[in-house]
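Per-chain residue numbering starts at 1, and chain names A, B, C and D are given in the order in which the chains are listed.
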Amino acid sequence: MSQTVTTVSVVARDRDVRRRVLETVLQETHPAVVVDSPPGAGKTHLVETVVATAAHHLRMHVGVIAPRVEQVHDLVRRLRQGHPFLPVQLLHARGRLPDPDILADPGVVSVDRPANLRRGPGVVVTTAAKLAFSVPDLQAGQFDLLVCDESYQLPWKDLAPVLHLAHRHLLVGDPGQLRPIVRGDLARYEAARHKMHWAAPRELLRQNPNLPRLQLPATWRLPQDTVELVQPSFYPDLSFASAVALADRQLGFGAAGIGDPVDAALDQLAAGATLVGLLLPARPLEVDEVDDEVAELAAHVVARLLERAATWVGVRQLTERDIGYVDAHVASNARVRARLRAAGVGPATMTTTPEIWQGSQRPMMVAKHTLSGLARLDGFALDPGRLCVMTSRHQLGVILVGRDGVAAALERHQHDTAERPSGTEDAQWAGWRAHHRLWTALDTMGRLIRI
Amino acid sequence: MTLSSTRGLVRVSKNPDCHLQAAMALERVREPEFYRSVTGTEYPGEYGERVSARRRGAKFEASLRQNNAAGLRQVLGPLFGWDLDSMAVRDFGEEVPGPPTTMRTLRLTRTRRILGDLAAGREVPQLLIQPQLALPTGSGPRQLEFVSPDFMVLDSAAGIYVPGEEKSFILRDNVAEPGDLDLTRRQAGAQILALRAESRLVGLADRVANRAVFVMATPYGMKPAPPVVEQLDAAVYEIERAVATIATVREELAMLRSTGDAPLEFLVDEIPTHLQEECHRTCILAAYCEARQADSAVVLGDGAADLLGADMRLDRVRALLQGAPPATAEERELVARLTVAGRALGLEPDDLVRELA
Amino acid sequence: MNATTETLGRVLACHQGRALPIRSTFALSEDPSPVFAIAPIKMVAEEIVQAIAFGDPDGPPQVVTRWNPLSRDAGDLEIFAAALNDYVEAVARGDQLPRFWLPHRSALTVVELLGHRYRTNQMASDSLRRMGWQCRAIAEEATYGGQQAVAIAGEILRAHVLTGQAPIKDGHLGALLAWVAPVAGRDPAEVADEQALVPASGVLERSIDDRVEGLRREAKRGRGPVAARARAEIETRLTQGALNEWELLLEARRAFWSLGLPEGPGLGPLVAESKRRSLYRLQQDLNPPSRPHSLARLVDDHEYAADLAEDADVRGDLHVRELARRKGRALLAEVVRVEQPRSSRRPCYVTLRTTQEVLRVRQGTALRDIGGRVEGRVEDVWEARGATLLRLELTRGVQRSRVPVVGDVTDWVDTAPHDLRRRRREVHDAMQAAASPLVYDQGVVGVGTSGSPSVDLLAVAERLRRGA
Amino acid sequence: MDSTEDLTDTVEGLKAQREELLRAREQIEMVLTRIDTQLDQLAPPAPAEEHGEPSSPARSRPRPLRLMVLDGLDDLGWMTFSRQMMLYLRARYGRDVSPTRFSSLAKDEIAAFTSKRPRSVYLCHGLVHDRGEAVKRLWGRSDWPLEQRVVAPTTGRIQHLKLTERLCEIARTAGDTAADSEMLRFLAADHAKDLPGVKARRGVFELERWQDIALELLEELEPRDRERREEAAERLARLPEEQQLFGVPEGPLFPLPTPGRAAGGRPS
């Protein structure tokens, strides 16, 4: 009862914020609006809503950009599905044709030259890079509104060149995930007056602190149990709750297990826990060393989910496609892939790095803990964005596999106080704190199952 | 120069597992003399700050503090919400000069009174130069370290002072050297903890955030760079850990001396040490510790110590690579790892045997 | 290089009593002629030059000493300024890559600070200001990945060898050389520790420094014989200090070239880039980037330089490539199918088969063969019978003579730098011209509200979706 | 007798010896002062040297420091920090004073006060307005009104302005007679550089302009500061005379940790 009431109020709040976003972007005349979104909050849905309202209702010429081609293609599909009458133009690189389904869609006009873009009400979708490279061929104020999806994945240097193309801007993104990677002398970039390497919304707001910043209050992906673990660890400044009812996020099994620790972890998930750790005994490993036993364990968990006919209660039995594996290291992913094949699990189970997982979801996830086996913790392992992505892709649950000894490694860790450029945020400390908080919570809740 | 106060805390924070270093800090040893007592020889390397470094530091501080601290007021006022012309300054360097033995307690008394005034809502100065704080390192009345920020500036928004450091380190295009930042941040970490401890006495501890302000130099003479406010959670955490280490080592020393009044140099072999690469940069005893662990993995650095175990003999590693049968599962695993690593260097197992012949 | 490989290398070096090369090729192109070497002695903490030895490392150096380096009068640096400029003019005339050798990073910092202090100093002469910008240009060039113009001996050696001591000790050039050029009959570890007792960061030995500091007080006391003697002694000691530093630099340079590795085959583009960048900067006074468009360009330039350097390394050095292979960034594959409807024309599809476990490819990844003949974009990735198959659409090298044939087995790498700088410059120029207030002004504020807030846009949006 | 008692005896002995020496020095200084006065009366007048400190090589023995400082304070007319005084004495009178001399000077004055051999004027400290604590490197003269020796919250700025104004004036008017007139100008410039609107330029001494700026600011700021000082002086006037001169005594809050030791020590 109380969960239902909570869910209802979250949904209502979410609607209010969405309405407020529409008003702020389309009825007020702020030059830019930033919307922070927790994972699974329906960012793309929001983008779709704003774009369709602007283009269709207000007859605006709208530009929409995203960092990656895949994200752009996804946006086009979503716009076409939700608003089939909306004129969509896809501006793509000459060497990279759109996916065949998009090419085949008569409602999408694909162009590779900005000069061929038609003006007037409607939407142009493209990558930030393509739009930037088109800037010399476009006019200032070309768009009435420019929307940037997944904007926290974009460095300011890649967004700044296109901002003059519109009078109004909407930047939507998830502030807790991986920051954009920019190579070079970061200390020098940090010391500069303009932080061209920062995530675009961060720098935009630093330079223009009076711009409106709204926060989506609900996640439609993560169950509340996950929210209670993930939000305090990775989103200390963004409060949100689950908008989905407990009953809609239940994992069940068609077959009983054999009672080993893997089953114990799965049974915890079936009992309502959504984030569970499954740990092999501690063993020190190199940062980039592949842990065969953990790879084996990860594959075993996926196989066991399938063997036990894992089911999204009331929805469907899970297939290989419904399960994903995320690992920070390419080599380790490859080993898990090999182990999965050996266990009879096909390529439909996506195994890749958090960078690629951003923006995707699966009912069930298996993730290798980024600190597993590490005697010495580095910035890569401690990056809060990485673990945040790994623990926020699931709709039903995630099993963190790895080595025990994480708590000890965190305690032992000597914080570096030298390398961070002067006056900048301490991302490593934020990462350590997030890791510490999550691990302590899991341990306290009895969610760490040791093999 | 003694290993005490903030200097000692910073050193311990860099290597909290070395209890000998903590004992040296606790007993405020003068390092070169302690080295002589332990090794029987004079320390052969360079020790202590050079004349030009001392002179530059003093000149930089003086330039910021002269004329009613005009230099400091100018850079700090706007940052902390004060009109720089109406900032009240108390300079304890001018108020209470003298040797540390007498000066520290007097400055501490005055600093405490000002914090008391702040808690009571009375008028307080916006800028304190060379205030004095005390950081407890145990429960006893003498178990404390004196901590002296270069200055503290009142933050109008937070209603509490923020410790600050003046450093003559040169920023190039506003970029500081990591080593300089490391030291400064840890010093400030100790200052934050000490300020929190002092503020606790007057009920203001909650206002003390983990932040400090640094005023550093530009390449242009004594001109200060724009000040930087730093969030220092990690540095504070590391200094807290150093304080805990000091408390532990105090107890360990008491145990060791329960049957006799042995001076520290006689206890060196009984106190745990922890050699790490950083020791070579900071500790006068690094070469001594290294010599005691000659031909073990730790002499090849932290990476080798992590991989092989600090105490593993290098001759055993060589023997394993030359085909000696592994005695344990760990050794077997190590050989496998090193074999893979060899290929990255273009060396097959036979090549390794040859290289080690 | 991971810690295991490094540890193994150090174990081997320790056993053999000499440094172990960890590259199969040099990452630095052959020294051009002429070369300019700089070995400064600084005043501790002030980071001010008090002596400097410079010139052609194959000849005797010139030495400038400054008995009172804190004085505003910097006339004594004129000789250095002139020699530096002569060198710059000579390489510019010959359109050559300039090459500056410095002993260690501290020396570069001193050079950089010379740049900061004199480039815009209105009290300094034109030639000193020019020296200022040239020094900044040297420091600036050193920040680029793969650059070939500034050789910092300590760093370049460390990139090529592992010693048998802890890495932190390698930071001392003397201690590093004890392993790279070991003294016959002596344990390099002992020699290194002896060397480390004397600083190798461009400062005088402690006792000499203290002596010079003392003498300076006397030297400042006037023009009498005592002051003159003090100045003379300072100059002697500073000259000796600078010559010691010079010798250290020469020894390091000799030791480096004595490693006798072949030059990396991918260095050509790095040399060209480095030459272009450094000659441009050495010949004109440029303000450091501070506005959004110039900072964005700076970041892009560095990213491109890093791409080029990575590509040169992976393609040119076997050890680096092996490490890349372990990360899936290089893959050994066999060409199993070539589809090219019209010879030497696009489209051209090549299917690769690899059994390598670790791969970092997905749809859209750009791959290039190790010889750099062809380049393509991954169109599809699938698994079949224990192998991974990649279908590539070639974007470069579709001529018949270059298209690989079925059965070819070669390495493919994902380091394919694209020089988009010309287009980027146009983009940044447009950005600058448009000067969006969101980017160039600070603290823009919305201009209030317009339109009719009485319309519930969420309801509109929902109707629109329902309408679908 | 254990080692602690030994140490206590030694310290006490040294303290007693020190007291004796201080008394002796006080007597010597008094005699010297008398002789100086007689010499001054006997010597031909030196119109440029109003303050009595010679640059004349004729006098071989330097004037006592306390008198020099009193003179300096008289010249500058306001409380002055040791460092400022040191530089002023060097520039104006060519007198090099080691910074450590100021510390013994303070002790001498207190000793003289307590020795019941009163002086007509004492060197004394600035007093913090609220609690009367001494600012030990800030010097004043006992013949100044108490309010002129009080340091109120804004007095730091007033002190800077007063000194700047006076130094500019002296550099302007007494420049030729100063032992080092260039140094005097530099000293004035060093103070003036932090005045609003003043940009230091090498070799340019706008003494009159700087003086005007300082005076203008004093006109604006001093009344409020004086008010605060007078209020405080009223309260502080209730203190014993010694405390009005040398500050309210402050006891340590707790014993100090053992100072640095070489080896073999341990905390008691």
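The rule is simple: a residue touches a chain if its C-beta (ideal position, glycine included) is under 8 Å from a C-beta of that chain, and two chains touch if they have at least 3 such contacts.
On a predicted model such as this, the values are computed, not experimentally measured, just so you know.
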Task: Chains most often in contact, by C-beta pairs - done: A-C
TODO: State the chain with the largest centre-to-centre distance from chain C, centres being mean CA positions.
DONE: D
Open item on the list: If I average the Cα coordinates per chain and compare with the overall Cα mean, which chain comes out closest?
Closed with: B
TODO: Averaged over CA atoms, how far is the centre of chain A from the centre of chain B? Could you give it in whole Å?
DONE: 39
- [ ] Could you grab the centroid distance between chain A and chain C? Build each centroid from C-alpha atoms only and quote it in angstrom.
- [x] 34
Task: Approximate Å spacing (C-alpha centroids) for the pair chain A, chain D - done: 68
Open item on the list: Quick check: how many Å separate the C-alpha centres of chain C and chain D?
Closed with: 57
Task: chain C, residues touching no fewer than two other chains - done: 2-4, 326
- [ ] Note the residues in chain A that touch 2 or more other chains, in rising order.
- [x] 188, 286, 289
- [ ] Can you tell me which residues of chain D touch two or more of the remaining chains?
- [x] none
Task: All pairs of touching chains, each written as two labels joined by a dash - done: A-B, A-C, B-C, B-D
- [ ] Going by the contact rule at the top, pick out the chain D residues touching chain B in the complex.
- [x] 81-82, 103, 128, 130-131, 133-138, 153-154, 156-157, 159-160, 164, 190-191, 193-194, 196, 250-267
Open item on the list: Under the stated contact criterion, what part of chain B meets chain D in this complex?
Closed with: 2, 4, 26-30, 33-34, 36-38, 66-71, 85-86, 88-91, 93-98, 100-102, 104-106, 108-110, 112-113, 117, 123, 125, 141-142, 144-146, 253, 257, 261, 263-266
- [ ] Report the residues of chain B in contact with chain A in the complex, numbered from low to high.
- [x] 14, 16, 171, 173-176, 178-179, 181-182, 185-186, 189, 214, 216, 228-235, 237-238, 302, 306-307, 337
Open item on the list: Could you list, by residue number, the parts of chain C that touch chain B in their complex?
Closed with: 1-12, 14-16, 20, 22, 24, 43-47, 109, 112-113, 116-117, 164-169, 189, 193, 196-197, 199, 206, 209-210, 213, 288, 318-319, 322-323, 326
Open item on the list: Quick check on the complex: what are the chain A residues that touch chain C?
Closed with: 15, 18-19, 22-23, 26-32, 49-50, 52-53, 56-57, 69-70, 81-85, 95-96, 132-133, 135-136, 140, 155, 157, 160-161, 163-164, 169, 182-185, 188-189, 192-194, 196-197, 204, 207-212, 286-289, 330-331, 334-335, 337-338, 341, 347, 352, 356
